[in-house]
Amino acid sequence: MRTILVTGFEPFGGEATNPSWDAVQQLDGWQPDDETLVHARQLPCVFEQSLAVLTAELTALDPVLVLAIGQAGGRTCFSLEKVAINYNDARIADNQGQQPLATATADDGPAAYFSSLPLKHLVQQLRQHGIPAEVSFSAGTFVCNHVFYGLMHALKAKPQVRAGFIHIPYSPAQAARLQSASMSTELVVAALKICIEISLLQQPDILLATGQLD
Amino acid sequence: MRTILVTGFEPFGGEATNPSWDAVQQLDGWQPDDETLVHARQLPCVFEQSLAVLTAELTALDPVLVLAIGQAGGRTCFSLEKVAINYNDARIADNQGQQPLATATADDGPAAYFSSLPLKHLVQQLRQHGIPAEVSFSAGTFVCNHVFYGLMHALKAKPQVRAGFIHIPYSPAQAARLQSASMSTELVVAALKICIEISLLQQPDILLATGQLD
Amino acid sequence: MRTILVTGFEPFGGEATNPSWDAVQQLDGWQPDDETLVHARQLPCVFEQSLAVLTAELTALDPVLVLAIGQAGGRTCFSLEKVAINYNDARIADNQGQQPLATATADDGPAAYFSSLPLKHLVQQLRQHGIPAEVSFSAGTFVCNHVFYGLMHALKAKPQVRAGFIHIPYSPAQAARLQSASMSTELVVAALKICIEISLLQQPDILLATGQLD
Amino acid sequence: MRTILVTGFEPFGGEATNPSWDAVQQLDGWQPDDETLVHARQLPCVFEQSLAVLTAELTALDPVLVLAIGQAGGRTCFSLEKVAINYNDARIADNQGQQPLATATADDGPAAYFSSLPLKHLVQQLRQHGIPAEVSFSAGTFVCNHVFYGLMHALKAKPQVRAGFIHIPYSPAQAARLQSASMSTELVVAALKICIEISLLQQPDILLATGQLD
């Protein structure tokens, strides 16, 4: 049985829920095919602790695919992040009061990693399924980017494992308080299933040869 | 049997569907209570013809409540319009190629009418139901505002009939092509039912006395 | 000697300056021609008092043209307002702690007045002079709209006096603290001079006949 | 005599001017101190050719500081870019009709480089001088990012040379046609002079020791 790890975050910034976990927890136990099982895990919204939990799960589950999901209030679309940067600069404190300013996630790491998901192909497929989607070139400098960078850094010796980070809009219930764009949890769950199925079924070498893989 | 008229528009601007009609048609035949029946009608996206169809329906149905719904691409929330202005200025041509510039809808009419729906109360209730909603102070200068102004002008001698205009975001399928904010049809239909129920149940004079009616 | 009245506001919302007054005060004493003199006045950012000061100046100066200017943080362009509405709904308190909610400015007044400035013609001319400008269809529901409505209401029996309201972006110095769009005071002053000259020189009846006046 | 290289772009996307060159050319020959001379150069808005011109200038001038400037229509602030990515994906064709999709700038290069300018310190100083400024974490995937990445890649063996990329808003004259945010050329020139002076005067090792350098 192959394993897929999908993570969402606990609430932060005074919110009672986090739409990333609302969606991700619905995928726990889902089998995109008979040989593959999805494990959903919640990450704390805390700089160091989030990566400690994530890397422990990578070791325990040895997944073939990892999707880390986070909330990006104000975004209008399902946003597939391209670039994880080795830089933390927190505008607000995390859930344990930490607020790193201008720090590196890995002192010996490169400036950035790219997602290893087939981003442009995923966006194309999501749009054909009627789901607003885009490639984003900044995951910010808060815990989301920190987890994204730490994930790619942890997997740098395992190029066969595909991994990436996805930002989602507020849920409608959050947006009702905050007057912002939103996306229903149903649509986010549908989008995540499409991302999982395409990332599993497509062979990276075939996509590369046909120019469909960016 | 009391009658409610709810209108949506045909597609325009090169779109294949119009989310206002996608939602409104689901309300046709709905009974918020045993004594009340909703009639859904589609309006052409044409300056003069839209009002001709609307006023014919007002005469035929003699409704107690009228909600006219239109698409406002780019909006993030369910937008209850406050102000209908006596001014048309079309940035693009309507579905019959007409593009009025700086014209009046009613030469003898006032500069504007206000919606007679309990807007602030509706927004409060919608938000409590987890639906992103707002009062908007401009319905633009295209066919939507034209219909809104014509509706209120036609009803000016019937203050007992409540009427107003609501703008809704793109549907997710539209936003998937246009990279914009969106709202699911399910959420729009739920929001419209709340607007209908509250507008019917609440007595305007009571709301006015308690300051809940703006 | 003909008189022109141009007003700006005192600072509000915690700001140390108000770009409307920064610009307007530079016009005090300016003569667009030998027969015409501009008087600049500052209005308090207080609901009732702002109109008391304004109407006293209208009586004292008997102007042929009135331009009221206000700050609209977040706007990117010089915004000529089309519609003044008979509705106050303050999101924050004014400078004397008043926060009217869902009130009328004139109990016996119409829902709205239109600006009597040649808005579309002004926007066209401003753009030709390289100044970002637009017609706006909502002046909000705070003191700016209150002053705009009160101004047009006070002049309703004097159609020969042209009057209107213009919203301007933050100054660069404000935007430096607030990360927003801005416009330099020099550009705002240049834009106001163009508005004054065109509004004076053009004859409304000629503009109406040629369709240039909206 | 120390040399500083500041570059701007030729117009693109149908525009008649490019505000980056409008500003940069005013710095040609400027001496921030007696020992330092600024050279302004225009880059073609063409993927490969822009870097060919830039690297030729780096060789010819051997500058101690390089600021590459580009237009970012829609931005509201002077934007200091943090991240140059090894990825080109052109939404429109460049000035020679090239439109690379999902290509690398340097096949053997890392995913990204960070600017070596003291970005947070510059933003702080610019804001204190009343200039709207921000750190940006995406320079896009068009020629601007291509030049930024190529610049940092060319200087990777010369850590003593400070270099970076800055995006500026439309000029007011452009924004007058496009209804967008703008910044006057005067303000951009003032901001660039501040960036040059601070980048020269500050000693990177001192800034690092005091935590002022990000």
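Quick notes on this structure:
Residue numbering begins at 1 within each chain, and the chains themselves are lettered A, B, C and D in the order written.
One rule holds in what follows: contacts are C-beta pairs under 8 Å (C-beta built on N, C-alpha and C of every residue); 3 or more make two chains touch, one makes a residue touch a chain.
By chain, UniProt protein names: A, B, C, D = Pyrrolidone-carboxylate peptidase.
Keep in mind it's a predicted model, so treat the numbers as computed, not measured.
Counting hops only between chains that touch, chain A reaches chain C in a minimum of 2.
Among the remaining chains, C is positioned farthest from chain A, on the basis of C-alpha centroids. Comparing the residue numbers each copy contributes, chain C and chain D share more than half of them at their mutual interface. A straight line joining the Cα centres of chain C and chain D is 38 Å long. Measuring from the averaged C-alpha position of chain B to that of chain C gives a distance of 31 Å.
Once the centre of each chain is set as its mean CA position, chain B and chain D turn out to be 48 Å apart.
Multi-chain contact residues of chain B, defined as those touching 2 or more other chains: none present.
Here the touching chains pair up as A-B, A-D, B-C, C-D. For chain D in complex with chain A, the residues that touch the partner chain are 82-83, 85, 87, 89, 101-102, 110-114, 120, 137-138, 140-141, 211, 213-214. Remark: chain D residues 76-77, 126-134, 172-173, 175-177, 179-184, 186-187 touch chain C in the complex.
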